[in-house]
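Sharing a structure here in structure tokens format.
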Amino acid sequence: MRIAYVGPEGRTRVLQSWASQGVTVETRSGNFNGAIESSYDEYLYIPGLLETVGRIERDGFDAALIGCFGDPGLDGVRELVKIPVVGPAEASLHVASMLADRVGIITATGEIIPMLRRLAERYHVDRHLVGVTDIGCPVLDIRRDPDAQYPTLVQTARRMVDEQGAEALILGCGSMAFYAERLHEDVGVPCVNPLRVGLKMCELLVGASLTHSKLTYPFPSSLRASSEVHSVAR
Amino acid sequence: MRIAYVGPEGRTRVLQSWASQGVTVETRSGNFNGAIESSYDEYLYIPGLLETVGRIERDGFDAALIGCFGDPGLDGVRELVKIPVVGPAEASLHVASMLADRVGIITATGEIIPMLRRLAERYHVDRHLVGVTDIGCPVLDIRRDPDAQYPTLVQTARRMVDEQGAEALILGCGSMAFYAERLHEDVGVPCVNPLRVGLKMCELLVGASLTHSKLTYPFPSSLRASSEVHSVAR
Amino acid sequence: MRIAYVGPEGRTRVLQSWASQGVTVETRSGNFNGAIESSYDEYLYIPGLLETVGRIERDGFDAALIGCFGDPGLDGVRELVKIPVVGPAEASLHVASMLADRVGIITATGEIIPMLRRLAERYHVDRHLVGVTDIGCPVLDIRRDPDAQYPTLVQTARRMVDEQGAEALILGCGSMAFYAERLHEDVGVPCVNPLRVGLKMCELLVGASLTHSKLTYPFPSSLRASSEVHSVAR
Amino acid sequence: MRIAYVGPEGRTRVLQSWASQGVTVETRSGNFNGAIESSYDEYLYIPGLLETVGRIERDGFDAALIGCFGDPGLDGVRELVKIPVVGPAEASLHVASMLADRVGIITATGEIIPMLRRLAERYHVDRHLVGVTDIGCPVLDIRRDPDAQYPTLVQTARRMVDEQGAEALILGCGSMAFYAERLHEDVGVPCVNPLRVGLKMCELLVGASLTHSKLTYPFPSSLRASSEVHSVAR
Amino acid sequence: MRIAYVGPEGRTRVLQSWASQGVTVETRSGNFNGAIESSYDEYLYIPGLLETVGRIERDGFDAALIGCFGDPGLDGVRELVKIPVVGPAEASLHVASMLADRVGIITATGEIIPMLRRLAERYHVDRHLVGVTDIGCPVLDIRRDPDAQYPTLVQTARRMVDEQGAEALILGCGSMAFYAERLHEDVGVPCVNPLRVGLKMCELLVGASLTHSKLTYPFPSSLRASSEVHSVAR
Amino acid sequence: MRIAYVGPEGRTRVLQSWASQGVTVETRSGNFNGAIESSYDEYLYIPGLLETVGRIERDGFDAALIGCFGDPGLDGVRELVKIPVVGPAEASLHVASMLADRVGIITATGEIIPMLRRLAERYHVDRHLVGVTDIGCPVLDIRRDPDAQYPTLVQTARRMVDEQGAEALILGCGSMAFYAERLHEDVGVPCVNPLRVGLKMCELLVGASLTHSKLTYPFPSSLRASSEVHSVAR
């Protein structure tokens, strides 16, 4: 099984370490350069992402994992391809909703919060969501020195559990994802690592011979006549 | 008051005919060429739209009306600018929800239906929505010869009223919008023309000195340091 | 276009100042005398309101704006007439829901809060509502000396933004409505003036040739045989 | 225990026959004359109802049952008095929601349907509601010759069970209520008689020493200073 | 009318004191021994409860009241029998939802809270629920010396009213139920005693000739062929 | 990784064939004998299931998969153990909700439908659910000769897609699960095999070091003092 990770370079090794036996992970970074902290950022990023995932399908990958917690362009990508495409937010929100009745998301900065609330509504898991909180640190600063933010992360997590009643947490930012296991130890509630869960969801879907419905995500009619490459891909 | 319509050329005259005294409508077509019938189409269109609306704000317009019923990129555009930006779907869904308890949307082709259902959920008006139905005709075919589709439109509208219990209808496609008044006559329930209601919503917001909240749609942090033009625009 | 404002005398001038070119506003105060601060008060007021709006329609007005934020009798009035009737709460809740994901209402006294919560549910915008708060001052006291309450209003508004996460505010009382613009300046989030937005919504509906659905608000069968005046009015 | 029924004369005997031992039922018809088939009708009726129920409390009754399925003025009446006031729609919707997951309402004419749907939402039991259907007969015609409508009632009930999946039914009109037991026999699902259940709910509340919360239904401030009679009544 | 209470011994006298004239209450304790404070406890208890209620029906009782606030096995019991079976949580949540818009539940220990939240969702009354709070005392300790917990109960109740906005309260534990009337006096909002309301709901259903729908709770097909006793019971 | 399947014997081989490399599946049938087609059946089965899963944890398994689509006792089991326990309904409803906006469930007989609707609500995925339909065949008959039911299954599936708008399907019965892949071929929408997806969800959770929250599913206090075995198990 070959899974393409569409996100920043430098994470292939850790993703591979999480994969099951017989699964290969490769990174296809596309035009990903920098942080996505707004809908505006997402929209500029998505056209390149669409092209990248189209190529991933033609290259014979079994599934694609989007590398940003906001699941940018997920619906458009699914229209374009037939292989399963996993958004880390969608996967981790559904998995967290199975582990706990009340889930909290911790993200980087406050500007991201309205987008993530809307995302939880889009996936219809908002009845599980007790809140979205930020640690007040831009994504690129976290990526530069993640350890420096860990104490704030622990404090924020504890407050979500104690004051908002969160019974599980999601690390709602790719650059914080890697602290999930350590945070679970320190705070005592399940902490979902969206990249790891996203990778595992790719394995689940491929392993169960499942992909998204073409009635929900129809192939764009604008592409039907235009391109032999695409019709071959389908 | 100057309102920019961001959509296909050729509609300025009719939009202007709907405007209140003292209101000027101009079209800024951006890269708009063809129909938007999928999320994929939207995502390819949005970067150009963002640039167009950014320029509209700098050119001193008072409001912008997006020219496609799917409200492509509405959240991203609002992050970018401070002038009110109106999506015809959002405006007409809210207005229809004030006129009737049960609202139906009629659109061009079946592929668009899932997107429009998700849109009604995004705006939290889905409790008013009895259904979305299509007339089985691609957008460009409607645009080429709209009169040819009118009989199908009337039949579809009557079925939504009689069988699904719709008490008001929205013409969920810019190219069908212009039949709203005639359809109201023929079917007997309010039929919302999303372009006309969208234009009027621009007038309402400007006339009431209102625009979107910058807490819901924060200015993208990626633009804060990068561009003098933008900081002047704000 | 002629719009009738059905509320306390003395507001015609300011309403007229908000109207678009070519729009005339007249006040029809009906039996309105005093404050409406309970469902009980509303029910005593509504029969006179019904008669007033019936007359407004026969007098050839194009639309009617109810002058109390609780939208008393809105469904009954719409059953009676065919011209659009706007409730300031309904109009401002829908408009605020387009401007922000999370909306707060500020009202006069605590007794009014349960009614306003139920109103937001009735209009299906409660998913946008973060809360309703009062400034602890009866309506008539506000009307007597509105400036005296402004500092409390600012404090309440700031608390709703900081503690409840409101991203836009509605001044949920006709006598406070006039502070919306000043409050926007002082607090920094959109503040909706329900009378101004209600007036603009009348203009929108008339300008878009729209009115409420007679399937949602059927003409009362008790009136069908009884009165020539009404059958003429229809 | 003394319960006042506020509705048309001529039902005291049957109501008394349903009462538990030691319970007396008296009718206080107020200005009730004719059918209530619209919000408009309700609003004209409510001021008289408020006065009647105020007097009922001062006369020492233990509870009041509103005699119309639409529960006219229920919130206003509760503000005015401290004794429990039961609306037959509210009581029967909650009781039916305990007996079945999916409930249908059968009413007299189609014009009443939108009001009843809104009522089910107001009481938050709409998730149990599979639909509201009418038998196409005005209330006064039913009252004149109820037996003539019974075959239509059976047909309608069967259709709601077979086609809409209703698992229990409510007879949503005081004049049809009396067929509940016979309909249960003929259709085989629980059929709720709203007057009988409303009466029993009065007994339940008085028997459990319960009444509505004065935080939800505060005493109208407009009455506080004005009337000795009321302050005595409290 | 004969009602069976399926719960701990020693409560027959107080239950009988709440019953209407002509109603007899008997206790059938089944295997009830100890406290139910988890889903795990419930599941161990339910098989005995099913047997007990099956016998209650065969013994000619008119209704059964489950003696634990968590309504253990309510759906299974209703499948088995035709007489009405009342769960104290279901009955008191619905009754409280008629008395107030915002309801709080007070229970014994924190471990019970997630179960009770799920119960309110199961009954679709969660839109009325402002929260569930515990007094930090195991059920058996309350039962041993209930008076010792009363001061904590009053404090908890006041906090739910003042901080969470509860407008009515439910004593969500059989062993606390008996303080409802005293708590109402001390806190000033309606306090629902679930055992008393549950008993009264039995009376209501029997008195209105109602029981649960066999479409919602079908007789188990596993029992159809197997047992003469059951087929006689039906 | 060792996963215990708690269900009927005779499925180990096919489950093992679905497992990833390095994963071992063993069946622990407990007292499972026959079909579970009612809540009543479930409640009789659950005490034995609890004991079985307790033993599974002590035997060092990494996860347990419940072998019945109704997820009997899932909350109670999770309270008892710390290893992840997967319910096939919960897992497949969440996975299907990621693959399609509108999901249909096909089950064996009509009696099971109300339970499955309640299950979808319990997991908060009911907004994705377009309906639950049965093929009119008892579980044991399916198990005896599953091929005989396949044509009915195909017809039912097509009707759910064409008439109810299902965009993905779940085979809501363990004995039908094995037709998922063939049905996908024949009907053209994703068909979820709940046992296969349940097994894969076990792998996902173990592979991501996740298990349910002990705040949502607290260890039963009744077991804390009573049993050394359990305290060791924790």
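Letters A, B, C, D, E and F mark the chains as written, and numbering starts fresh at 1 in each.
Here is the rule we go by: a residue touches a chain if its C-beta (ideal position, glycine included) is under 8 Å from a C-beta of that chain, and two chains touch if they have at least 3 such contacts.
Note that the structure is a prediction, hence the values are computed from the model and not measured.
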item	value
Numbering shared by both copies at the chain F-chain E contact, with half separating same from different	same
Whole-Å gap separating chain A and chain F, where each centre is the average of the chain's CA atoms	26
Rounded Å distance between chain C and chain D, as computed from the means of their C-alpha atoms	30
Where chain A and chain C are represented by their mean Cα positions, the distance between them in whole Å	44
Separation of chain A from chain D, taking each centre as the mean of its C-alpha atoms, in whole Å	52
Sites on chain F at which at least two other chains make contact	101, 114, 118, 167, 215-216
All pairs of touching chains, each written as two labels joined by a dash	A-B, A-C, A-E, A-F, B-C, B-D, B-F, C-D, C-E, D-E, D-F, E-F
Chain E-touching residues of chain F, taken from the complex the two chains share	34-35, 37-44, 46-47, 50, 73, 75-76, 79-80, 109-111, 114-115, 118, 121-122, 138, 215-218, 220-223
Of chain D, residues touching chain E in the complex	18, 20-22, 90-91, 94-95, 97-102, 123-125, 127-128, 161, 167-168, 181, 184, 189-190, 192-193, 196-197, 200-201, 203-205, 207-216
Chain B residues touching chain D - in the complex, by the definition given at the top	101, 167
Residues of chain C defined as touching chain E within the complex	114, 117-118
